[in-house]
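The block underneath contains the structure these notes are about, expressed in C-alpha cells.
Letters A, B, C, D and E mark the chains as written, and numbering starts fresh at 1 in each.
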Amino acid sequence: MVNPVLFIVVPLGLAFAIPLLKYISKKIIRFVPALAFLFNLVFALRLIPVVMDHPVHVHIGGFIPPMGINLVAGPVGMLFVVLIALVGFLVSVYAFHPVKEKYEDRYHILYMLQLTGATGVVLTGDIFNLFVFFEILCLASYSLVAYLGNRAGIESAVKYLIQGSLGSGLILIGIGLLYGQFGTLNMADIAGRIHSVQPVSVYVPLVLFITGFGVEAALFPLNAWLPDAHSSAPTTISAVLSGIAIEVGLYAVLRVVFTLFGISNMMGFFLVLGVLTLLIGELCAFSQDNIKRMLAFSSIGQIGLLVFAFSLASTQGITGGFFQLASHTLGKALLFLAAGYMITRTGSMEIASFKGMGKTMPFTSLAFTIGAFSMVGLPPFMGFPGKFMILKAALHDGQMLTLILLGFILIATVIEGAYFFRVVQVLYFAGDDLPDRERAPAAFSRLVPIFLFTGLIIVLGIYPSLITDLLDASALELLDRPGFIKSIIP
Amino acid sequence: MTKKSGKMDRNNIGKWFKSPGNMGQKYSLHALYFCTGCGIIEIPPTITTRWDAERFGVIPVATPRQANLFLITGYVSVKTLRYIIRSYEQMPEPKYTVGFGSCPINGGMYWDSYNTIKHLDKYIPVDGWIAGCMPRPEAVFVAVTHLWTLIDKGMATGYLKYREHYAKYRRNQEKILGELEWPPLFSKEEENEKSREKVAG
Amino acid sequence: MKLEILLAVFFGGSLLTYLLGKISKRARDILAVLVLLFATAGITSLYGKSSTATLYTGFLDFPMVLSIHPFAWIFALTIAVVGLCAVIFSWLYIRKKGRTDFFYFMMLLVIFSMIGIVLSGDFLSFYIFWEMMSWSTFLLISYNRGKAIAAGMKYIVMSVAGSLAMLVGMISLYTQTGTLVFEGISGSLNSASSGYLQFILILFFVAFGIKNAIWPLHVWLPPAHSEAPSPFSAVLSGVLIKIGTFGFILLIYGIIQVQVFVNLGHALFNVRNLLLLLGAVTILIPTFIALFQDDAKRLLAWSTVAQAGYIILGIAYGTSESLSGGTLHFFNHALFKSLLFMVVGAVEFRTNGVRDLNSLGGLIKKMPVTFVAGLIGVCGLIGVPLTNGFVSKWLIYHTLIVNHSPFLAFVALLGTWGTILYSYKLIHHIFLGQLPRKYEKLQAAPVSMKVPMIFLSLTVFVFGVLPGLPLHVINLSELGFGMEPLAINMWGVVTGSGSIQMLNIATALILGGIVLWLFFRMGPKNTRADQMDNYAAGAPVPADRYQYSVKFYDPLTRMIAPYLKDIADNFYSALARGIRNAGNGIRRIYTGDVGNYALYIILFLAILIFIQLYWKVW
Amino acid sequence: MKNPGKKLQDELRSMFESISTEGDGENRMTVKCRKEAVITMLSFLKKTGFDHLALISCVDRLNDNVLELVYILSSYGGDVAMQKLNILLKTTIPRENPQFYTATEIFGNASPYERELHELYGILFRGHPRLTPLFLEREYDIPPFRKDFDTRKYVKDVFDQIPFVDDKKGRT
Amino acid sequence: MVLVLQILFVSILACLVGLFLIGLSRKVTARIHWRYGPPLSQPFIDIVKWFSQTAVSHGKLFDAGMIFSLTGSVVVVLFLPFGGICPLSGSGGLLVILYLMLIAPLGIALSAGESANPHASIGVSRKMQLAFGYELSLLMILLSLMTYYRTVSIVDIVETQIQAGWSLVQLPLVVSGLAYLLIMPAIMGIRPFEMIQAPQEISSGPMAEYGGKFLAFATLQHAFNIYIGLSLFVNLFMGGGSNAGYFLIKLLLAFMVFQVVHAVWPRFRIEQAVRYLWRWPALLAFIGLIIVWVTTS
C-alpha cells in the first residue's frame, strides 16, 4: 500500500532531475514525464480498493492535525489522481514528438510541475497547502500557454496570468481571514468550527474562495481567459488544460463549498450559474469557425453542465456529475489531441480547411467523430451515461426551477450537437472528392494515445458500472461533512 | 347520267344486319372540314339550324383520327396540299373524300395560277365532287346522299385505290412538294400483304 | 431463433460486410444480402411467438430487455423485407458511386437499429437503438455531397432534439414508476395523474412526431428524401418514417392503454384531438405542396408526409378498427412507397442522375417493366380497389364515418384525390408522352433492379386481393393489446355497418375486363402509329418540343399557391438565424481587453455578496 | 399649318434636285426621285414625322423595261394635319438583275416587304439581314409576278405533266 | 345463377340507358336549337360505324388503359341499385363506389398519356383538375348522407328512403341535395363543364388520338358515366325506385333537368370551373355537412 505522498514527490523529484539528465543525453528527457505519470497511474489504481473503505491520511512531518499539513486520500482525491495520471501519461506519450525544438527540457519540467500541482491540490487537506499547489498549477499553466512563443500565445498567457493572479490574490485574502478567525489552516478543523461564528464574517471568505477558484474552474463571468489560452496553447497543453486544469479548479470549488462551508441554499444560485455557463459556452461555440476555440468554448459549456449537476446536491446528482467530469476529461483530451494532429497536417485551425480529412487521415477523423458523438451524448459512447445520470438526478429532484433549467440544458445540447455534427460533415462529406492528399505515414507515438482514449470512451460507454462504485463512494465523501471531519480529527 | 339520289334506308333493320359496316358508315359520317379557301363559309349554315346536317348523321369532328368523311372546301394551294395529304393519311381506314366547289375539281377560277393544285385527285383519291363556285348547303346534302349510294354499291373505294397505288400517289406528291417529312404510309411488303388479304376477303 | 442471436449475427454481419468490402466488392454485395436474408428468415420463424429475453445489465444496472410480440413482428418483417429489396436494388445503383463499403455498412446498420428498436422490450435499449438509427441515417443522408449536407444537418439537429425529448420523457417515467421495462411501466402507471400523462404524451409526441414527420415537425423530410441515395430513400420513407408510428402505438396502446388515452384530459383540448387535428393537417397541406414539385423524389417525399397523416389518424382514433387500419396502412405504404422510390431510382440510374420531371417522358417504350411497377405502386398509393392501399384506407374511412367524425373523413378522402393528381403527374411525366431523342438508346432497368420491383408489385397485388393475410396478424397483435379484434375473412372485412369483399370486386373487375377485351378485339385489327405520327393539325410533329409537362396543373396550382406559403419551414429557418445571431451577440462579451475581464471578476464577487445581503443565503 | 403638303413640297425641292412632286398636298402626294436619293429621302421624311412605312410595292413596266418601286409613307407622330397626308415615293430600277439598297436600317418593318419583292420580282436588296424565300413552296426560274412569266405555260408543263392515277377497275 | 342474370341485366340495361340518354340529349339540344337533330338511335349507329373502322393504336397501354377504364365503369354500375336489384350490394358501400369511380378517369388518363399527344395530356390534366374540383363537394355531400343515415351501404339508404320519403325533402339534407344539383353537370361532364372532351376545346382533349374502336369505348364510358352520375343522384336523393320502371322514370326526369341546362349554357374555362366548384357548391355542401353533423350527433 504506497504512501499517497509519493504521488506528489515522485513527479516533483523527476521534474527537477531533468536538467541533470539533459547532460547525459538529450533524447531520454522526453520519456521522463511519461515514466513519472505511469508510476502515479499504476500505484493510484492499486490504492483505490484500499481507499474505498476508509480514506488514507498522511501527516507530513509527523505533526498531528490540526497542527501540521496532512494529505487526505479519499475516493474523490483518488479519482482525480487517477484521471490526472492517466491524461498526463497519455499526453506525455503524445509529446514524444517534440512540439518545438528549442527549450524542450523547460517544457517537460513545467509540464510535470503543472500536473504535480494538480495532484497536490487534489490530495491536500490543508487550505494553505491547497493554495500553494494551486499556485504551482497556475504558474506552470501560464508559462506553458506562452511556450510556442508566437504573438497570440504570449498575449493570451499574459491575460491568463493577470486574471489568475487576481484570483489567487482573492484566495490568499480568504485564507488570511479564515486563519485570523480560527487560528488554524486545517480544513477539517475549520469545517468543524465554522458554525460557531456568526455567519457574515465567514461568508466573505466563502465568496472569496469561490471567486478565486472559479477563475481557474472557468465559471461564467470568470472564464474570459479560457478561449484565448486554449486556442493559442500547443496541442498537448490545451488538452491538459481542458482535461485537467479546469476540473481541478472545479474540485477546489467543490471542496470549499461542500466540505469546508457545508451545503446551503446557495445551491439555487449555482444551478442558475451552471446553466448560464452552459448556454453561453454552447452559443459561442456554435458561431466559431476556428476548431480549437470551438473546443475551448465547448469546454466552458461542459463545465456549466458539471456545476449544474453538482449543485443538485443529491448523491445521484454528484455521481452523475463525477461521471460526466470523467467523460469530459477523456473526451476533450481526445478531441484536442485529434484536432491538433489534424492541424499539423492542414496547417490552419479553420474548420473549413478540414475538408476531406476523412480520406487523408481516416483513423484520426474516426477518433474525432467518436469524441464528438460522446460529447453530444449519443448512446454507445461515454457521454450518454453521464447525461443519462444527470437527467435522472434532475428529474428526481423535481423542483420547478430544475425542470425549467433542464429545458435549457436540452436546447444547449441540441446546439452542441449542431456544431459538432457540422465539423463531422466537413470531415467526411464536404469538398467534392478533391484529389485526396497522400496518406502520410501516421506517427505511431501520436496515434497510440488517441486510440487509447477512444477505446476508454467506448468501453466506459458500454460498461459504465465499472467506475460507478468509485463515484458513489466519492459522492458520499463529499456529502457527509461530519464523517470527513471526524475521520481527520478523532 | 344522273344517278337517282339514294333513298334514306336508315330504318331498314334487315340492311343493318346484312351489312352493318356500310350502313354504319352511311348514317354516321363524321366530317373533317379542311377549311381552305372560300368554301368554309358554306359549312356553318349546313351544320346549324336552317339546313342541319346532323339529321343525316353528319357532325363536324376535331381530328382526322375521329373522322371518316374528308371535306376539302375551296382551292388547294401548294402549301395546303402538304397538310391535306398528312390529314388524309391520319384518318382511319374506310374514309371518303369529297371535293367541295370547282377549285379542287380542276383548279376552278385559279386554273392558270402558278401555285394552286389543279386536279386534287392526282394527289389523294377523291370519291365525290360538288360542283359550283361555292355550292349551296343543299348541294352538300345531295353529295351526301350520292355518297350513300356509292357506299351501298361499294364504289366509294378511294381509300383502297390510295392503298394500292400508293407509290404513284406518293410520286405525284413528291413531284409537287419536293421531299416530304413523314415516312411513306404503306411500306412495300405491308401493302402487298394487305392487297392479298383484300383479294382473299 | 433467440432474439439476441438474431441481433448479434446481424451486427456482426454488417461489420463483416464493411471489412469484406476492402477485399472483394462482389463478396461484400452477396454477404450484405445474405445477412438480410438471415434476418428475414429469423423474423419469420418468430411468427406468433411472444417472448422476452433480458440482454445484459451492464449499463447502470438497468436491464436491457428484448421482446417479440405479433405487433412488433409485423414491423420487423416489413423492415427486413424492404431492407432486403433496397440492398438488392443498390447492387448496381451504388457500384458507380464512391465509398460503397461505407454505404453498405451504414445501410445494414440502419436496418439493424430499426429491427433493434422494434424488438426492444424496455426504454433503454429502445433509446440506444433509436440513437444509432439517427446518426447512421445522418451519415447516409449526407452521402452524396452537395445539397445533401444541408439536408443531413437539418435531419440530425431535429432528431437529436427529438431523442432528447424522449430521453427526458423516458427518465421521468422511470422516476414515476421505478423501472424502464414496458410491462413494468404500464403496470404501475394507472396511479399517475392525467396532467402527468399528458406531459409524457407531449414529450413522446415531439420525439415520434419528428420521426413520423407530422405536420409542424416534418421540415427535415423533403430535403432528406430527395438528397439521399435512392435505395436508402426507399428504406427511409418506406419504414424509417414508421418507426415513429411504432413508438406511438407502443406508447398509446402498449403503455398507456387505449381507454385511458381516449378519455384523457379535457373533453376538447386533449392530446388525442391534437394528434387527430395534426394528422388531418399532415394529410392536406403536403398533398397540395406535392402538386407543385418538379423533382420526382421530392414529390414522393411530400407524398410520404401526407400518407403518414393517414397512419396518425388511424392510430390516434383509438378504436380497434382504426388501429388495424393504421397498421395495415403502414404495412402497405412501406411496400408501395419503397417500390415507387426504386422506380424513380431505376430511371435515375439509367438516365444517369436525371430526376427533373420536366425533362423526362415517354420512357414506357424503353423501360416497360419499370413502368408497370411504377403504375402498380401509384395504384397502391391512390388506393385503386385491387391494390392493398384500398383496404387500409377503407378501414380508416369506415371508422371515421361510423364513429361520427365526418370532417376528418372528408379531409382524408380529399387527400386521396390530391394523391391521384400528383401520382398521375409522376407517372405521366416520367413514362408517358413523347420520348425525347436523347433517350432513344436507353436500355431497360437491369435485372438486379427489376427483381425487387417485381417482388414488391406482386405483394401490393396479393395483399390487395387477399387483405385477410395481414389483417389476421394485426388481429393477433390487437389481442396482445387487449382489444377485441376485427371480424375478418380471407377476402376482406365484414362489419355491421358496411363490409368489403375483395372476392366480388376482384372477380367483377377481372371478368368485366376479359369480356370487354373480347368485345375490343371484335372489328378490324388496329394499325400501330409511331409517336411522330400524332395529330398536329396536319403539320409534322416537332421533335423534342411536343411533350406537355411543365406547369401540369397550372390553373389549379395558381389558385392554391397564395395560400400555401410553407409556414413551418420559415419558422425553423428563422429560429436557426436567431440562434446564430445570439451566438454572435454573446461572443461580444469576450472583448479581449484584460481590464474588462478583471472587472468581470470583481462584478462576480459583488453579486455573491449582494445575494447574501439580500436573501441571507448562508 | 393649313397646308403642310405645300410647305413640304418646296422644302423637298430645295433640298433635293431632280425630283418632281405632284398631288394636292391635302391627303396624297407622290414624289419621284432618282434611285440614289431614295434612302436619304426616306430618312429625311422619317425625321419630319413620316414615321410609318406602310408598304413597299413594285410595278413591272415591261414596255419601258423598268421596275418601279413605290414606298408608301404615312405619319403617326407629326401634328394632326400631317397625319392626313400619305406620301408615295417612287423610283425606277432596271429590269435585268434588279438591285437596290435595303431600307431596313431606317424602317425595321421593311424586311418582309423586301423579302416578298425579292421572291416575287427577283429584286436583290443589298444589305438585307435575311433575304430568304417567304411564301412560295417551289422554285421558279422567272419570278412569278413579273409580266414576262407565262403562267399558262408554267401550268401546262408543271401541273399538267403529272399523270392521273388511272385504275383498271375504273375507280375514279 | 340469379346473380349472373342480374349482373348481365343491369350492365346491359345501364349501357342502353346511357346511350339512349346521349341520343336523347342530342335530339333535345337540336330541338332547342330549332332544328330536327339526329335520330334517337344515332349513338348506336355511331358505335356500329366505329366498330367497322380500323383504329390507330399507340401501344399496348393505349388499348389496355381504355379497357381498364370501361371495366371500372361497368363494375361501378354493378354496385348501384337499379330499382330493386343491386347485384353486388353485399360487398361494398358508398366508399367502394367512390373508389371504383376513380378507375374510369385513371384508365382514360393512362391511355391518353400513352398517345404522346400534348392535346391529350392537356385534356387529361383538365379532367383531373375538374374531378378534383367537384370531388370536394361530392365528398362532403356523401359524408353528410352517410352520417345522417349512419351507414356506409347504399342499399340501406335506399330502403330507409322508401319508407321515410325522399332524402331531398328531409330537412337536414336539403342543402346537400342542392349542392349535389350544382355539381351534377360536372360529374356527368356535360355542357357547363364539357371543356374536357368538347371538339372545339384543344381538339377534344383526351380523345385527340382516339380512332374507331377507341371512340366507341370512350362514348360507352361517357354513357356509363352519365348513368352512374344520375343513378347515384336518384338513389341517394330521390328514393331510388322500388321497381325498375319507377327508377327509369326518375332517371329520365333528373336527366331532363340537366339536359336543358346542357342545351343552352356556354362552356366554362377550366380555372373558372374549378373556382366556381370550390366556391358555391362547396359552401352549400359544407353547410349541409355541419347541419347534419349537429342534428345527428
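What we mean here is this: a residue touches a chain if its C-beta (ideal position, glycine included) is under 8 Å from a C-beta of that chain, and two chains touch if they have at least 3 such contacts.
Owing to the predicted nature of the structure, the values given are computational and were not obtained by experimental measurement.
Engineer: Quick check on the contact network: minimum steps from chain B to chain E?
Structural biologist: Each step joins two touching chains, and the minimum needed here is 1.
Engineer: Using the touch definition from the top, list the chains contacting both chain B and chain D.
Structural biologist: Chains in contact with chain B as well as chain D: not a single one.
Engineer: With contacts defined as at the top, give the pair, C-E or A-C, that has more of them.
Structural biologist: C-E
Engineer: So, what's the distance in Å between the C-alpha centres of chain E and chain A?
Structural biologist: Result: the chain centres lie 79 Å from each other.
Engineer: Between chain C and chain D, what is the separation of their C-alpha centroids in Å?
Structural biologist: 73
Engineer: In whole angstrom, how far does the Cα centroid of chain D sit from the Cα centroid of chain E?
Structural biologist: 62
Engineer: Please work out the Cα centroid separation of chain A and chain C, and write it as a whole number of Å.
Structural biologist: Taking the mean C-alpha position of each chain, the two centres sit 44 Å apart.
Engineer: What residues in chain C touch two or more of the other chains?
Structural biologist: 524, 527, 535, 537
Engineer: So which bits of chain E are touching at least two other chains?
Structural biologist: Correct list: 51-56, 203, 208-209, 211-212.
Engineer: Chain B: which residues touch two or more other chains?
Structural biologist: Residue numbers touching two or more other chains: 63, 65, 82, 90, 93.
Engineer: Among all the chains shown, which pairs meet the touch rule set out at the top?
Structural biologist: Chain pairs that touch: A-C, B-C, B-D, B-E, C-E.
Engineer: Using the touch definition from the top, list the residues of chain C that touch chain A in their complex.
Structural biologist: Listed in rising order, the residues are 58-61, 98, 127-128, 131-132, 134-135, 138-139, 142-143, 145-146, 148-149, 152-153, 156-157, 160-161, 164-165, 167-168, 171-172, 174-175, 579-580, 582-584, 586-587, 589-590, 592, 594, 596-598, 600-601, 603-605, 608-609, 611-612, 617-618.
Engineer: Residue numbers of chain D touching chain B in their complex, please.
Structural biologist: 135-138, 140, 144, 149, 151-152, 154-155, 159-160, 162-165, 167, 171-172
Engineer: Contact residues on chain B for chain C in the complex?
Structural biologist: The touching residues are 63-65, 82-84, 86-87, 90, 93, 181-182.
Engineer: Show me the residue ranges of chain B that touch chain D in the complex, using the header's touch definition.
Structural biologist: Of all residues in chain B, those touching chain D are 78-79, 82, 107, 111-115, 117-119, 121-122, 125-127, 155, 157-158, 160-161, 164-165, 168-169, 172, 175-178.
Engineer: So in the complex, the part of chain A that touches chain C is made up of which residues?
Structural biologist: 158-159, 162-163, 166-167, 170, 199-200, 202-204, 206-208, 210-211, 214-215, 219, 221-222, 224-225, 227-228, 261, 264-266, 269, 280, 283-284, 286-288, 373, 376, 378-380, 384-385, 387-389, 391-392, 395-396, 398, 406, 410, 413-415, 417-418, 421-422, 425, 428-433, 462-465, 468
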